[in-house]
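Order as written gives the chain letters A, B, C and D; numbering starts at 1 within each chain.
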Amino acid sequence: MKKVVNNVDQVVEEMLDGIVTAHSDSIKRIDNTTVLVRQDAPIKGKVGLVSGGGSGHEPAHAGYIGQGMLDAAVVGEVFTSPTPDQVYEAIKAVDSGEGVLLIIKNYTGDVMNFEMAAELAEVEGINVEKVIVDDDVAVEDSTFTTGRRGIAGTVFVHKVAGAIAESGASLTEVRAAAEKVIANVRSMGVALSACTVPAAGKSSFALDDNEMEIGIGIHGESGIERVPLQSADKIVERLLNQITADIDYQDSEVAVMVNGMGATPEMELYIVYRHVAKLLAEKGITIYNKWVGEYMTALEMSGFSITLLKVDDQLKDGLNAISQAKAFRV
Amino acid sequence: MKKVVNNVDQVVEEMLDGIVTAHSDSIKRIDNTTVLVRQDAPIKGKVGLVSGGGSGHEPAHAGYIGQGMLDAAVVGEVFTSPTPDQVYEAIKAVDSGEGVLLIIKNYTGDVMNFEMAAELAEVEGINVEKVIVDDDVAVEDSTFTTGRRGIAGTVFVHKVAGAIAESGASLTEVRAAAEKVIANVRSMGVALSACTVPAAGKSSFALDDNEMEIGIGIHGESGIERVPLQSADKIVERLLNQITADIDYQDSEVAVMVNGMGATPEMELYIVYRHVAKLLAEKGITIYNKWVGEYMTALEMSGFSITLLKVDDQLKDGLNAISQAKAFRV
Amino acid sequence: MIILTVEQTKQWMQEIQKRMEANKEQLTALDQAIGDGDHGINMARGFNEVVNKIDDTEYDSVADVLKSAAMTLTAKVGGASGPLYGTAFLKMSMALQDKEVNQQNFKEAIDAALAGIKMRGNAEFGEKTMYDVWYQVAEFLASENVEDWEEMIEACQATIEDTREMVATKGRASYLKERTLGHVDPGSMSSFYIFEALVAVIEVGN
Amino acid sequence: MIILTVEQTKQWMQEIQKRMEANKEQLTALDQAIGDGDHGINMARGFNEVVNKIDDTEYDSVADVLKSAAMTLTAKVGGASGPLYGTAFLKMSMALQDKEVNQQNFKEAIDAALAGIKMRGNAEFGEKTMYDVWYQVAEFLASENVEDWEEMIEACQATIEDTREMVATKGRASYLKERTLGHVDPGSMSSFYIFEALVAVIEVGN
């Protein structure tokens, strides 16, 4: 394991310190917590938006704090959901009386910890609602299992819910907008190499030079299938077919995200985007807007994910609204 | 070598295709060239700014095209300077009659190819000036050698020269501003692992688990020294000491850039920034503004560089001016 | 007969901590195989914090020690295992409120913990989670062999081995489906250490 | 005596192309050791383009073939070697304008190329660049052994070996300073192939 770190047990603490030192104009840290909030939180008359999860996904989630997106990001240990008390601190810090929406990715740990926090907040009389993002079509959707994971599509939920909240909408309206994004967003990813949790010291799995993992999450885990490495175009085809098989995108407009997992050069992300655009055109799907870059990573994993969000006028407005979040300037 | 590519000889072509497909609203490609220019170029009354170099440094250089920064980026093969005819096409495409400034990084190849292009343009009566960025303090500055390399500090040259050009200044003024940045910017980098030129198929060098290369450039080359891997804080100290030994930053204000080389997680860049901020405070140097992220990469190299730009009022204004470049929104 | 005193409960936590620290890499490796590779780190961090907390504190009852452990685990572990173990120890604490810890009360406490894990995690027996081990312990305490706690350990050990043959359907491992076959569930393993530690301190048989 | 016809000049380019393609990996490996690992790729790309270009074209003179090669190299290679080789062949072409290629004229053409490389790259003999090999060739052509071109090849080979013992002070390799010791200069190696190819087609001695 080669990392630019001091002490593997202090990486999150030192990262938070670095973020707050760098961005003290826009972000503050709640004392004795791992919660980062907008410098001007709580914002009067606005529903508060809280997201978060384990760290290692940077720029998620702190990079999405800012006008037009999140009010708070709760930061856990590397790939480990934050604890209920931390989430609770975030809720308290961003509630202006209009209530708080929790944006949760569908992982057992995230769901349980955020729900426990919501229970604590309700006891204090804070109006809390939650949405659970589960955009990963690699995983089967079933009521008997944990269900789909939440991955890069979450960023679109932050964006649209953030825009609606900024417009002064009610908690119910913000939640409904977030749910609409969730209903219309699908993603799938691939890894060419694994990553190493600093405190673990070695990577989760090893891939041969001619192998890749299809259907990976964002925690450095293996995917659903290990297959021979293919050309960029073939991989894109595989992912896109599985995504478009899931909901009907026919004749619709989509926002596209090609998201690097951490170590994939931007050059390759554009080679991917090129073929995404070509295949979507063939399928009669129109690209309304696109993002190519690193938005939801797994440390230094190499690989990428593709996300498609089917947009209507409300979602378009949400995507187009101003955002001051440093990882998602619009 | 594991890469998301189709054909190693087509990576630049396909990347350009992807970039233009994604950003056709703001960027266009000159037919049959590897030149990307602002959609609205040439801009009447404005000095044209051309930069470029080999590819593999993404988001450099195409990511810096946009209002307030570059008018054109000339893209070479991976780590190979573009040819004179391509640079010449860029010059012609952005000249509105006010002349064109070439921003060149100090590499033998870049300098020769851009100079040959300037000669061609002069024959056509286009007013061309050039500046040569050489911010890398790892390399000895000597008139008998090639001199220092140009690395991440180049981005600040793009930004300030871009702002001055946007303000309607003359070619002489824009050039002078660029020279001022160059006189005041210093950088140094480190690598924890090498990268692989797609067509070469294997990486340039191999580092053991406990080794790093100090003083690397941005082309995947070895650095000036191979030393045992150290803690983040120690590495920062080493780089910063060499930078601050080079020009007198005492009691001055600086813009800081912590630049990832491609595969280093943002988490680690913030751990680096944390210590940079601490050491600068100890040295009595004030941070005026900062950028933490990937700005000038070497494919999937892991490592980072630190850049300090000593700012005065003119440079501050230049940094603060609006930029619509997608990799450097201000 | 009292089988667990305040002092023994503190020792239980210390014994757990020792095991989590000693087996941190093993637990992490198990989680790397079918999860995200943090389970050993999470458990070691959590029980180190528990021990720090209870070392410095005076307690009047076993329930209070367990409550302290529960709060600490909930606040320091995170992930899936944090809320699950936090809930388990909290439910035990609640069941033992104002009671001495005899065999019967302890059985009821474990039943409560088991119900708590189920309530939080929604898992059934045989889904390749820590629930399997807690279920096994509850079964044992309801059986006739309840004097021979070594047998409980053996039953837990067998359950751990059983998880190897299961396809995970809950938690992060469930994404891997058939690829979880052949791997022991990390949470079951850490639960095993919890009960191995218990047997090391509890007053049994006599 | 004419030592190089239009046809032979075309063959020269083809022979260079074969060598660059065959030694692409070697040149790239040399450049990986002390540069950025693209020299073989650059040379193969460049001379493939040269051959494509001249195969399809009718030429009246050697100067025209060389000019075509020069333009193509300048436009297709890039990096440091593109302008340098482009300039070298362009200067040769200019020196041979309206002339037949006899020994004397060829010597003057190489002198012009050498001066061109120096003008562009600013290198002196002994700085561990391609200049060293061209310098050696110019020296040979000025010597008395000029009938025995095998000797020129040997001299070039010796020069390549000499670059191994040099510290680079020009080009990208110069950043590595002492670390360039023990490595052959990639540009010297590709220049060697250019002259090896020449000797394979040129009319010598008689």
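As a working rule, contacts are C-beta pairs under 8 Å (C-beta built on N, C-alpha and C of every residue); 3 or more make two chains touch, one makes a residue touch a chain.
If you're wondering where the values come from, they're calculated on a predicted model, not measured in any experiment.
Shared contacts of chain B and chain D, meaning chains that touch the two of them, come down to nothing at all.
Between chain B and chain C, the least number of touching-chain steps is 2. Mean C-alpha positions place chain A and chain B at a centre distance of 29 Å. Centroids of chain A and chain C (each the mean of its C-alpha atoms) stand 32 Å apart. Centres computed as Cα averages put chain C at a distance of 74 Å from chain D.
Centres computed as Cα averages put chain A at a distance of 54 Å from chain D.
Of all residues in chain B, none touches two or more other chains. Residues of chain D in contact with two or more other chains: none.
The touch graph of the protein chains shown is a line. Every pair of chains meeting the contact definition is listed here: A-B, A-C, B-D. Taken in their complex, chain B has these residues touching chain A: 1-7, 11-12, 14-15, 17-19, 21-22, 55-56, 58-59, 63, 192-193, 207, 209, 212, 229, 231-233, 235, 262-274, 277, 290, 292, 294, 297, 299-300, 302-304, 329.
Across the complex, chain A meets chain C through its residues 54, 76-85, 107-109, 112-113, 116, 138-139, 144-146, 149, 197, 199-200, 202-205, 215, 217, 219-222, 224.
Residue ranges of chain D in contact with chain B, taken from their complex: 28, 32, 35-38, 40-42, 45, 74-84, 120-121, 169-172, 174-177, 179.
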